[in-house]
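Letters A, B, C, D and E name the chains as they come in the text, with residue numbers starting at 1 for each one.
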Amino acid sequence: MGNIVSIVLTILGALSWGLLLGGISRTVTARIHGRMGPRVTQNFIDMWKLFKKTSSIHHGGMFWMAPMFRITGAICVLLMVPLVIGNSITYNMSFAGDIFLVIYIMFFGCLGMALGAGNSGHPYAVIAVSRGLAQMSSYELSFSIAVVAIAVGLKTFRIEGIVEAQQAGILSWNIFRFPFASAGALIAFLPMQMAYPFGIVLAPQEIPIGPPTEYSSRFLSFMFSGRALFGTAKLILFVSLLFGGASNWISLLVKTFLLYMYPVVVSSVFPRFRTEQSIRFLWFVPTSLALVDLIRVML
Amino acid sequence: MYCNQRPEKPGVKKGMLEKINNMARANSLWVTAYGTGCGAIELRPLGTSRFDMERFGIAMRPTPRQADVLIISGYLATKTLKRVIRVYEQIQDPKYIIALGSCTINGGMYFDSYNTLNVLDKYLPVDVYVMGCMPRPEAVIDGFSLLMQKIKDGRAQGWKHYKENLDYYRENQKKIITDWDLPDYNW
Amino acid sequence: MVKALAIFLPLLGAFINAWLPGKSPKASRVVSYLMLTAGLIAVIMLSIQLGAWNLRDLSDSVILSTGVGSPPLSINLEITAGGTLAAIVMYAATIFSLHRFALTTPKSQPLILALLTASLGLLFATDIFNSFVFLEIGSIVTIGLTAACKCGSRWEAAIKAALVSGLVTILYLLAVAVLYRSTGMLTLAALGNVSGASAVIVAILLLTVIVTEIKAFPLTGWGLDFYQGTSSIVAGLYSATWSLAVLLWAAKVLPLLPIGNPIIYAWIGAAGLVFSQLAGLRASSSGRIMGYSTSAYASLLLVAAGTTTGAFYTQTVIVLMIFSSIAKFSLFMLGNPEKKDQWSGFGTLLFLVPILLLAGIPPLPIFWAKFAFLAHLASGFPVIFYAVLAGLLLEAVYLFRFWSARSEKTGEKSAKRPSAVAAVLLMLLASVWITRMSWGALDFSGSIIESAGLRNIFHGLFAIGTLLCLPGVFNRIGREKSYWFWLLISGAALTILPAAGNGLTFYLLWEISAFAAVIGVSKGTAASKGTFWYAVFASLSGYLLLGGILLSKGSFAMAGVPAVLITIAALVKMGQFGTHLWNVRTYPAAPGTLPAFLSGTSSKAAVLLLVAVAVNSSSASLPWGRVIAWIGALTALGGAILAALAPDYKKMLAHASVSQLGYILMGLGLASILGWTAAIYHTIHHLIFKMALFLGAAGVLYRTGTTEFNNLGGLVKKMPWTFAFTLISVISFASIPPLAGFGSKWLLYNGLIEQGWLPVLIVGMFASVVAFLYSFRLLHGVFLGQLSPKNAHAKEAPLPLLIPQALLAMAIMVLGFKPTILLNFLVPVLEKIGLSGLAPVIQGDMVLTTMGTWNAWMVGLMVMGLFGFAFVFYWISGHKPKYVGQLDIGFAGEMPPSADEVHYSNNFFRPYQRALSFLPKIHAQKIFSGVNKTFNMLGDGVRALFTGDGRTYLAHSLIFLLLLFVFLNGGM
Amino acid sequence: MIDKTKKELEIRFPLLKLVREMHNYLHVEVEKASAMDAILMAKTSLGFKTLQLISSVDRMEENLFQMTWILENYNNETTLLISARYPRENCIVPSLSDIWPAASAFEREIFEMFGISFPGNPREGEDFLLEGWKDIPPMRRDFLTEEYSMKLYGERQPREHLDPRQYIGDMVGEWNTPMGQKRKEEK
Amino acid sequence: MGAVIDPATDPKKTTHLYFGPQHPGVTGNMSIEMWFDGDQVTKAITHVGYLHRAFEKLMEKRLWIQNFPLVCRICVPEPDINEECYAMAIEELAGIEVPEKAKWIRTLVLELARFAVNLMAFGGQSGTLGLHTAGMWGITFRDFVLDLFEELTGARIYHIFIQPGGVRRDLPEGFEGRVEAVLKKIEERLPELDRLVLNNAIFKLRTQGVGIVKPEWIEEYGLVGPVARASGSTRDLRKDAPYEVYNQLEFDVVTETGNDIFARAMVRRREISQSMSLIRQILKKMPKNGPVATKLPNLTTWRVPAGEVYTRVESSRGEYGYYVVSDGSLTPRRIHVRGPSYVHAVPLLERMLVGANIADVSNIMVSLTTCPPEIER
């Protein structure tokens, strides 16, 4: 029972935190532009408005179900990662699988999203999916190399195990123990968060605006909450993998907040890649970085 | 291929919840990125540091499906009107139109042009007009705040009006769009 | 009396005919038929008397002396048991072709009968001078027949034949003279009595004569031109009578030649086989192809003469020669391809049987002879064995190309010819008969896989896979009529396959399954190319397998070269690492549900083969496991990328199939329990999802008539169930939890990490991500996007296709949510085999390895629970979106022009392609065309010998003679 | 420079009129029959390699169209205007689109606006500025734009209030439609 | 780039799409109808006319002086060149002399307008690539210049400041100082913008070698302005056919040889500096006193003498021409406006887009700084 309560709270908390972070990031971006920016609660208002729009359209079953896929995929990732180490009630479902499961279950939402986009019949949506999948297949390479290097280096795939191995002070964090793998994973984090220069999926000036181009109203609000949840889940995952996890709630919030600011700041100063440039960059730069640590681990 | 049903008559909603909804709607106006006329040039400063419309929760959305507001930034040529109708009908309810410039009110300086329509109101339900040729960004913000007030008061009902009087609007639209090839019902 | 009648009735007929002609053709025909029928009956009686039908013992013979005195003045014939069988063929062929001659060249009847007489005489002659007489008669009649036929280059062919026969005469007479001078005798047995220099001379001269007459390699040229030049009917008759007689006569003479070591025949034969078949690759006309095939069999005869003796020699030669003659006869009878007449499906099949026969595909009779013969070679003559294997493979290639070129012209009217039908039926009968003879013992007593658990898994897989393909056969289009029959045969053979007790049984079932499937594929519309590739690669893997089995003497406990050969055979069958070409060409071409069977079920035979090799080896592992794992990984990646770029649904599935089989290889290469668990798990999983996908594709093809992505799209509106099952399969093979695919990946990765094979792991993981590209492309290209107006009439796929898909989708769910059901069974089985590594620990629903955990049931519950919650939330939140048509999209304010134009399909992953462009474009296609080019070049080189000029052929003979002289003299 | 150009042109073609000559600027009028030759000569031998504009003037009183081709020499910044007059009925002018790709768009516009046909232009007749135009070509002098506008778009609305706020205020969006009129009357 | 598929031959192999009018990546209200194969454009057709207001027809109906409010609306970002061009034509036809000081003020106004437009276009170039920071900054800088305009003319966008025979009014008190202050403010921030845009590796990746305008196309199509100058042309009317007081100012024509989008951005960036220098020179050299307008006859009955003239001005997008025909009546006979976008956006763009990546369409179009109103008027 406690587990169920924890799961519900985790979902709600992650949703709010994700939306709040989104609001903060809009403000930060606005400040870089030299503007005031919106209220930090703007994302909540937007969500509410979208949820309460009185009409919406759909293009068929998959279009209809895609937001569900998205939310389900996001929550699954979220629940597979322990939140606060030492507090076993916050481990949620993480006993059920290891880091490989997390890597693969991340695709659940993406595939659903892609199917919805495909069902919308809009060529821009499909082009965006084609770009997104091509890019995903590239950054997942470096990400998985980094994960394998870390997991093999620590001799466990279980995320709790990975986090527990980092509890001996700040220097035991994987970002210091596996600097190259971490660098590779952190570069892969940018396209995961659709940050520029890798934001080729939602490129408004090229293919407005990618997969959700036909989504409206309540569908869109589901989509956005899925995105917020997924974003938070990825943050927690990265904090657990590279930054020593969180030993209490404060450090969880602080670490995820700081990690969230990294793509926000980077994307303010870069334009987009073209798709093939992005793919090649991801194939070569982060992958070679991560390979350094993998080879180190193998030797 | 297209929709073939008449729009349903939207019901009247009242009560506390609707007030909260209206507050949310007023504070999160998403604008379709469609510069239909010369007023669009003043929408760009609107997003930058001096005027910063994002303060009010106003943001640009690239597709009509996700937007709430359509800004008619000036005179409408008949060729554009066709696209604007299409875009407007693809915006999901509730939706609002802000019309910029004198030329949308009564034709302005183009009153005798063969290609620009004079009174936008006959063809699309305008919620807020902003005067001037072209209106300054401050005026546009003023128009937005008027729209927000109308939404909060529950008076921004142009979209309902459009649905209720669809035949009237269609008749007017078809009168000037000689090669009408849009679907009659189109959401 | 019977004996004499058997031989001389035709001659009598010829005389009568020669006397009759012009006056009453009908009477002459009646006479001929009478004579021939009587002769046939006589020969059959003789053969029964001699016990020839037993085939195991062909040593009996009767002597028939005619006239007075001894040869050469009289004609002494030794009617051997084998000879009677050949005589039956000759008679039958003559009877069958007589009516066609009657239609085309009525005056040639005496010639035909004379040819038959000469053939019979030569077949049974015991005297070297008698042989000469018959040889001369035969040559002259051949020239006459050639000249009498109505084809363009008949004179050339006749003159060449005349030139060659002139040379042969000179050489032969020289040999006779020397022989007579040396021994004073002219019987064949006398050949053994010569010694010294004269022996060498006799041997050289006669060998040259024989090689020229039987048209073995260096002296093939004139035969090729002859077959090409003359009409098909003459060639057919010629190959069934005279050619057969000459071959058997040579078989009789060769062992008697006074040559020190007969192995020289084998060398000549083996070299000739390889070179002539290389040249055969370049052949295009049917006559020439038959010529090369004749040359191949002549070479085989030489090899046999060089390596075998006694009863075995006789059996081998008789079966090989007789049946190859029958095959050639029926091929010639079935028509001249240059005429471009139209063929029906039945005609194609009719055409295929002789080809299969010539190529030595089981269970047809030549296979048995070849098998025994090759086994004999493998045990003692490895180099010759490899050469013969290669030559036979080359022969199979051009034969199948010939057939595919031929069947491309299929279509309207059948060109059934009674004679050919009869011949084919005869062959089928014969094959049943000969199979019964059991040349090599079939063994089902103890399986090559000892573990009953593993065996049962494979039995079950093959049976279920075949059964699920069957309902769909009722929905077929046009010409795809009777593929179900072949599917059934292929599936049945596969189902028995794991029970095979020895190599031969395994090979036999393997080939039956493969070639039944080949025939099935050939039923598809426009399938000729696909069938060709499939047949070639099936032959390749078949010969490799055969080689391996024979080298290890039929047992599966093997190591070293045989193991490698067999592994390669399995890789070819799986389409790994470049050999995917056949998958990619065959699956799209195959009709109906056959691709589902091929990809889902039939490819698992290769897995079974690898498993068999591994479990029978001492260390329970494959040879070069790491290399195999790498091959698997690279194929997985390459296949995935190619699948993503494929423009056709079935082609994409073919690439995907190859790619997914790569994972199985990675697991098998590991040789640890985890790896094998992953491999078997993935084998089952691959069978399930690939069958579901291909059945879905069959439904789409059935309803829309196309599988090109450019013409599809938006079918989800029309075929929702097909889409749902496809979606489940796709989610599964994209290894997204909670469906079954994740399990195989998880087990595999754990296994790879356990063994420390991290680079393989990385490539495998990359490939699994690339799988997303094609998985989405597949769903979008067919089901999502805009529905083309052309497909607006499409309906849901028929139930016989849907129900198996539903079952398979359910299986995916079960395997995904409760993998422990399978693992609980599989892990103990694998633990017993003696694999290295730690087994995964299964606690309830939890699977644990040393490093990771996986609780599929909980994950499944979580995903389903969340999904269901979201679903319910959708409903109760009162969200009622409006359905809008597919063209009602935000199209920048414009109206979308039409669904066809708006649908985004062509070059779907172009950016990806462009990103890949830094890689050198190594296409397997190019490698193979390079190989092809090389072979063609070699072939051209060899082909250049055969200039088509009679004088060159004479020169060839003389040079051959000289070389023999130098060689044999040096040898002595 | 200009003198040389003028001389060369005068030798070959009888100049009907020298419209204007300035520093680096020459405007000549030639016979319609020789207009194309003059343009081609200017391009090939006088260095006027660039077409800047094709313009047309409706000289309705003389029942003529005056075509003007404006060419430029980029090397010495010289402008050459060549004019020719064509009869107004069924006016046909040779196309230059195979010589200058840019000419195609100019000619499409003139076809649309004046109804002057340019045989040889492969894209003639494609919509350029107008869409579904059914009236006489609008740039002709006899097309009366004000009447057209009145007829199609309605009379210009007179102002009822001097205060713009009231004018564009809350009633906007409702008072044009029948229902709006009713409401207004009720008020 | 693979072989280009012609959509007419195989419609199934291409996707047909409209890029605009309702599209955030399109410059203004126009559209490009595209066919593409994969993500490579195989055919493009520019559609204009969404902004057709029949200016040329309306101008025939109005008095000569009444047309000033109309002409400035032909080009929204940079209206002054229209006024200048039209005024020059009337002056040429009517033989009006412009006082010296008015010429200086006109030059100042034109340069300020060019400055403002280039700031926006330079930032906008990276804005289309998703680097919104630069776009925002550029538009913010432009706002400062608009403030100056507001002070000088009373309006931010449509100034209606230039009139035949001069300008409407003299510079206000202390205007020079405020101009200098704005220039200084912007000058301080420009290096930051440069670092953000021109030194940005990804901006270079996206723009170098993309959107090539071959030098031989310049004469073939009649390309002008920065588009031509980025392909090695050295044409600039301010230098080659100086009007107003450009012959008294010192500047070099900006030219680049990259032929690509980056070169065009570079030209714009260097023209920003050039404009600043020109504005400073103008402020320094401008006569302090003197009339700013000639006395004109009664404008309601003013008949401009009959005649035809073609006047040209260098705008920020290149050569801008007015072909004005007067028949000596109260209203013009015919005014034909030739904007540089006419050839840039219609024939040139249609040609440039063939073979381009779909990701670069907006990029290419913005690099031409297409202004649709001047095409359709």
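Quick notes on this one:
The working rule: contacts are C-beta pairs under 8 Å (C-beta built on N, C-alpha and C of every residue); 3 or more make two chains touch, one makes a residue touch a chain.
Everything quoted here is computed from the prediction, not taken from an experiment.
Annotation of chain B and chain E: jointly contacted by A, C, D, touch as defined at the top.
Chain A has the C-alpha centroid lying closest to the overall centroid of all protein C-alpha atoms shown.
Distances between chain centres, each the mean of the C-alpha atoms, put C farthest from chain B. Contact count check for D-E and B-C (C-beta pairs in contact): higher for D-E. Among the other chains, C has the CA centre that is most remote from the centre of chain E. Chain geometry summary: the mean Cα position of chain A and that of chain B are 36 Å apart. The mean-CA centres of chain A and chain C are about 53 angstrom from one another, to the nearest whole unit. Averaging Cα coordinates per chain places chain C and chain D 75 Å apart.
Chain A and chain D have CA centres that are 57 Å apart.
Across the assembly, chain C contributes residues 882, 884, 886-888, 890-891, 893-894, 899, 902-904, 908-911 that each touch 2 or more other chains.
Multi-chain contact residues of chain B (touching two or more other chains): 33-34, 47-49, 62-65, 79, 83, 87, 112-116, 187. Under the contact definition stated at the top, the residues of chain A that touch 2 or more other chains are 33-35, 55-57, 123, 127, 130, 204, 208, 213-214, 217, 274-275, 277.
Annotation, chain-chain contacts: A-B, A-C, A-E, B-C, B-D, B-E, C-E, D-E (touch as defined at the top).
Residue ranges on chain B touching chain A, taken from their complex, read 10, 20-21, 24-25, 27-28, 30, 33, 47-49, 52, 54-55, 57, 61-63, 65-66, 68, 92-94, 187.
Against chain D, in their complex, chain B makes its touches with residues 78-79, 82, 105-107, 111-119, 121-122, 125-129, 131, 150, 155, 157-158, 161, 164-165, 168-169, 175-179. By the touch rule above, chain D contacts chain E in their complex via residues 19-20, 24-25, 27, 49-53, 55, 57-58, 68, 70, 72, 74, 77, 79, 81, 83, 100-102, 104-106, 127-131, 138-139, 141, 143, 145-146. Across the interface of their complex, chain C is touched by residues 2, 5, 11-23, 31, 37-40 of chain E. In the complex of the two chains, the chain A residues touching chain E come out as 32-35, 123-124, 127, 130, 196-197, 199-200, 203-208, 268-275, 277.
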